[in-house]
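Pasting the structures in now, so scroll down.
What follows is chain A paired twice: with chain B in the first complex and chain C in the second.
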Partner chain A sequence: MKISVKNNKTKRIFGKQIVPWLLICPLIIVLYLAVWRPTVIGAFWSFFKMNAYNPGRFVGLENYKLVISNSQFFLILCNTMMYVFWSLVIGFIPPLAIAIMINEMVHLKSQMRVVMYLPAVIPGIAAMLIWARMYDPSSSGLLNMLLARFGIDAFGWLDNPKFTIIGIVLYMTWSGFAGTMLLYYATVQGISSELYEAALIDGAGPLRRCWHVTLPQMSGILLLNLVRQIIGVFQVMEQPLAMTDGGPNGASASLSYQLYLYGFKSSGQRTGQAMALGVIIFLILLVLTCFYFWLNRKVENNF
Partner chain B sequence: MKKKLQRVAAGALIVSSIAALCGCGQKTSDKDEQGRTVISVGGWPLSEGKSLDAMNQRKETFEKENPDVFVKGDSWSFSIDTFYAKAAGGTLPTVYSTNFTELAQIISSGYSADLTDVLKKRGYDGKFNPAILDLASKDGKVYSFPTSAYILGLGYNTELFEQAGLMEADGTPKQPKDWDEVAEFAKIIKEKTGKAGIVFPTAGNQGGWMFTPLAYSYGVEFVKKGEDGKWTAAFNTPECVEALQWVKDLKWKHNVVPENVTIDADKYYELFSTGQAAMMIAPGNYSDYVIQYGMTPDQLGIMAYPAGPKRHVTLVGGELQSVTSKATDDQVDAAVRWIETKCNYQATDAFKQTTQNNIEKKLSDNVIVGIKGMSVWNRDTESVAYENDLIDQKCNINPNHVKLYNDFVQNPCELQAEVPVCAQELYKILDNCITSVFSDENADCAAIIEKACKDFQMDYLDNVDY
Partner chain C sequence: MKRFKTKAPGILSSAELKTSYGKFLYWLFFALLLIVCAVSLIPAIWTVVSAFKPTQEIYSSEVTFFPKEMSFEIFKTRLIESWSTLQLQNAVINTLVLSIGELFMTLAFDGLGGYVLSKLKPKGIKFIFALVVWTMMMPSQIRMVPNYISWLHFPFAYDIGGVSIMNTYWPMWISAAANTFNVVLFKNSFDMLSDSYVEAAKLDGCTDIGILLRIMFPLSMPIVIYVSIMTLSGSWSNFFTPMLVLNPEKYTVPVRVLKLKSSTSVQLNTYFMCMVFASVPPFIIFVLFQKYIMGGVNIGGVKG
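Let's look at the complex of A and B:
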């Protein structure tokens, strides 16, 4: 009797859905092995003194203390925030502007869409190295050659500690705007034409139509992308690694780049601190992600 | 029927994914079915071509002479990013090559097998150059087999030197004796050719690494170990400030370096090999790195490392072969025999063949043949004589371009071991010091060194063993 009850219960969970469960299994296994397990173990081991990749004795919060008391930590935290700040200042508007622009175009619409998407097709590291070349501080750098045409002295670009983050963010905007643009474009296309017709009848020009019809209709997706961008840029790592080595003098080092140094460039001496820093980044992002989900729910309810 | 098919398909998916996962954890014994000892060898070439052919030939000859061993190729080759993860996962090849900078850390992490007994058994007592063997040993035990050693010298662009009038008619360069003369040479080159006289790296730990021998020559000691076993950063001295001032003067006083402020190893070699700088501090095998930018062997030369005001020292770079600590005794023995086919004090047939193949490969890659490495052996051995004769025969450049370096190798200055603790972190901090003086004309060298010393102490030395 008991057995059959249990069977019933299992049946209720798996019962007729056994095939979907089985099909989802490989993904679950991969996620478990590649994401969940390492995340949990990494967080757990961050409380241990690590000998390369093997946990030694328990040291409590020592790894965290070492990470935070490192003389570079606050500089790097500020840098990371500066990445987010500049990415919002520089990178938030272009995809939206271009999406609306393409939507308003009468001729060559689809060609324009393809051309605008091209930067996203170039492999990341290759594009980063090309940009680093363009920024070359010598007089043979592309941008400095352009400046020379106008009789302006060569500029340090990525070698200038005040400009280096902005320079990297410019590259990130260039390489990343295409995907977001397509998303915006799809949303713009989805806006009911009746609204525009009504606006036209009311005598609204293109700018007013944009302000009073397009933008309000898009505010949901704009908000979501804002948070997504903050979370994404907060984890910036390969750009400083490939373009500046975190330099000059640590001016472009980010938290994730520092984590990479702890994890892979310390001869296995600081893997514990890499894990601790990973947890710190995780916590910061967790707050942002919760905010994202909260916003997502709100947006979905409203629109 | 359709449903059944679905279930079968799903079941097969699971079974195959589980099987794939289990496959990774298999343990292998050190013997194959025929009772031969199996060793895996790292750095095995992946693609078809000369290197792979040469490796297969080496394996064939070796297995003919050593019928009890089976050699298996492993395409992983040493890199600091992956080494410790592989070691912790127990997937290192039996024999792997490594370098002098990283070796001390590898030994103290226990990932390199003790070779002392096997080397003794095979008659290596007193055969190695003690200065080099020291770098491969800890507490009197040998943990790695040094196969090649290159000391730092001063690499130069022969064409720019000629244009600047710093070359004799027979192709022998003028040798700057000390750092002040290096700066003088750089000024002359800048004046005559318009190119930067010298390039100094600043990033990716390369700058720090290059700065240490310079500072040693000014009499700096970077770390000191107290009686209680604690390490102290000791480079907060006027000598170190002086060394940094020399680097700073290159840019702001003499204006003889390229405009770039961030120069990592790749950029360093690129600036030199695209003719944008005439001199660089470089190891003897540096032509391996510069050819990828299209420099021909004829344009490259190298000479002795300059002296400082207090000492004349240089660093040793080069390659060692280690055996994983997971290896069994049989494997260690077989591994040493394998290493002998590349590096041997006797000129065996296998050694001759490998050496010939290496030189042929260098010739076809358009790398300099003519620079002699430092011998890892104590005195002239027949293998070194054989190799050097072959290099002379096959030399593809004017030998005078590298004569001063070859003489320097025969009769070197003091060889300095690298900083024994937190070396990479120190290099990173020194990178920042160099970047600071390169990016700011008014940078205060004394304050920069003071801060670097304090940071190194607080961030790293104070918690070496927390």
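Let's look at the complex of A and C:
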């Protein structure tokens, strides 16, 4: 009798504890192989001299010194900040404004949303190359074609070091606004109409209702998206890689793009520096990530 | 204008829409939105139009938006010509293999993970969940080079044996399975389902995998479809890892598109046609599952 009870108990523990761990094991192994271990060895090996893709002797902070003393480093850091700056100036307001406006529509509401989602459907790499052709400095580019119609001379667009980052940010806004817009739209729809009615009775006009009812109701999600956008754009790499190759003269190179050059385009000479740069990016973003989680908890508690 | 009367009060109320100021605001909004729609569409339309133009016309000094000659015959020859120049057949098959593998890995690994995190909750699972959530926000740059090394000496990431999984699809498949965002999506959606489903099924003698496949997935179909679509269309647009690990004969469509940038032999109109071809599969997916995609953005986006 006693034995069978014990057996039952071990069976229960087996079912409740061991089996679940076995079931989640594949996920843990995959995460370990593809995420956790690479992160740790990336940080660890940044203190070693790398011979192509094999760690050599310990060199302390040598890799970090090489990264920071590179004459381009501060230029590239500034570029990355400019990406973030322009993405906030150009890309932050439109999804919000569009979401609020589309919520007021009684005509073509859903058709408009579908049309606006189209840029997000085109595969990223194809869209990047399409935009690179639109910015083509010859008259075959779409934008110069339009300028020619108005009798204005062709402009360099991405070949112009002052415009190249703005050009890439315009593309990023175009391809990404629809997703954010739908997110905001769901929030705008969720605002109770009683709030608007109350404001209406108080005699608030349309714009004041937008300012005093709609925006305060959205402040949580707006803040979260702001931080998320900063974190995301700070890591920009594929766009300069595909659209400009970091050019002209490094004017559109970002930190991540530089890491790609160190890691894969230096014939194995600078892989150690790639890891050091990875740690630097990681540390900068760690601060923002912590802030994001703190904010996320606060926003969730408020609603 | 009947519909104005029943409109719920938002920024514009139905009473205000009768005044000229309200009408002005409404049609101003309408016009702005139409402009946004146009801006969204024009690059795509321009691509399609240019793909069907002869190359000389794209470069000619007297530029026009639409091709000068249009007929069904010309379109047909352009399509056949471009396809035979681009030779995308292999790339399409490769991408299909890659995307189906990624889909399987995502559903199996992440679905199971989400199920354990949400319903079974063995002792100590909180620690794993905290790790998963933190992983979600970690920048991927720090592991870019180490990952590459892992693929070179799988699974040791160090030159003490192991096999190279370069030039296979395993790096992408493993990365797809290691998508913590999907794990959290599955967990959140399974959290909405009552625990009694699991208990009842257990009493009936259903195994955990059976519960996942027969109860959890069917009951959270919108999320399963959303994750599937995002995974499928992801492999039609991700070029970075495939570009690093694959050899030309295994290139997927996005890598072929990227390589087109540096090739000088391809005519400009064929170049545009390649973009059109590359966009067709995601476009079909979008048309078929539009409802789930537009709805899923909200489920997927709120919890970052």
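Just so we're on the same page, the second predicted complex is superposed on the first by the 281 of 303 C-alpha atoms of A that agree within 3 Å, B and C clash if a C-alpha of one lies under 4 Å from a C-alpha of the other, contacts with A are read in each partner's own complex, and residues count from 1 in each chain.
Quick note on the criterion: a residue touches a chain if its C-beta (ideal position, glycine included) is under 8 Å from a C-beta of that chain, and two chains touch if they have at least 3 such contacts.
Note that the coordinates shown come from a computational prediction; the quantities given were computed from them, not determined experimentally.
After superposition onto chain A, the modelled positions of chain B and chain C overlap sterically. By the touch criterion stated above, A:P26 is placed in contact with chain B and with chain C alike. When the shared chain is aligned, chain C comes close enough to touch A:L142, but chain B does not. When both complexes are overlaid on chain A, the residue A:R37 reaches chain C alone and has no touch with chain B. When the two complexes are overlaid on their common chain A, residue A:P216 makes contact with neither chain B nor chain C. Among chain B and chain C, the chain that touches a larger number of residues in chain A is C. When the two complexes are overlaid on their common chain A, residue A:G156 makes contact with chain B while staying clear of chain C. Contacts of A:N54 after superposition on the shared chain: both chain B and chain C are touched. Comparing 204-212, 222-230, 276-284 or 294-302 from chain C against chain B in the aligned model shows that the clashing stretch is 204-212.
For the contact definition in use here, the residues of chain A common to its chain B contact set and its chain C contact set are 18-19, 23, 26, 33, 53-54, 138-139, 264, 271. Partner chain C is touched in their complex by these residues of chain A: 16-21, 23-24, 26-28, 30-31, 33-39, 41-43, 45, 53-55, 94, 97-98, 100-107, 112-119, 121-127, 129-134, 138-140, 142, 145, 148, 174, 178-180, 182-183, 186, 188, 191, 193, 196-197, 200, 206-207, 209-210, 214, 221, 224, 228, 231, 234-235, 237-238, 241-242, 255-256, 259-260, 263-264, 271, 274-275, 277-279, 281-282, 285, 289, 292-293, 296. Those residues of chain C that touch chain A in the shared complex are 3-4, 7-13, 16, 22, 25-26, 29-30, 32-34, 36-37, 39-44, 46-47, 58-59, 61, 63, 65, 108-110, 112-113, 115-117, 120-123, 125, 128, 131-132, 135, 137-150, 152, 155, 157-159, 174-175, 177-178, 180, 183, 208-209, 233, 236-240, 244, 253-254, 257-258, 260-261, 268, 271-272, 274-275, 278-279, 282-283, 286, 290, 293-294, 297-298, 301-302, 304. Contact residues of chain A toward chain B in the complex are 18-19, 22-23, 25-26, 29, 33, 49, 51-54, 59, 62, 66, 69-72, 136-139, 154, 156, 158-161, 244-245, 247-250, 261, 264-269, 271. Note for the complex: chain B touches chain A at residues 3, 6-7, 10-11, 13-14, 17-18, 21, 80-82, 84-85, 87-89, 102, 105, 109, 202-205, 258-262, 264, 276, 422, 424-425, 428, 431-432, 435-436, 439, 455, 458-459, 463, 466.
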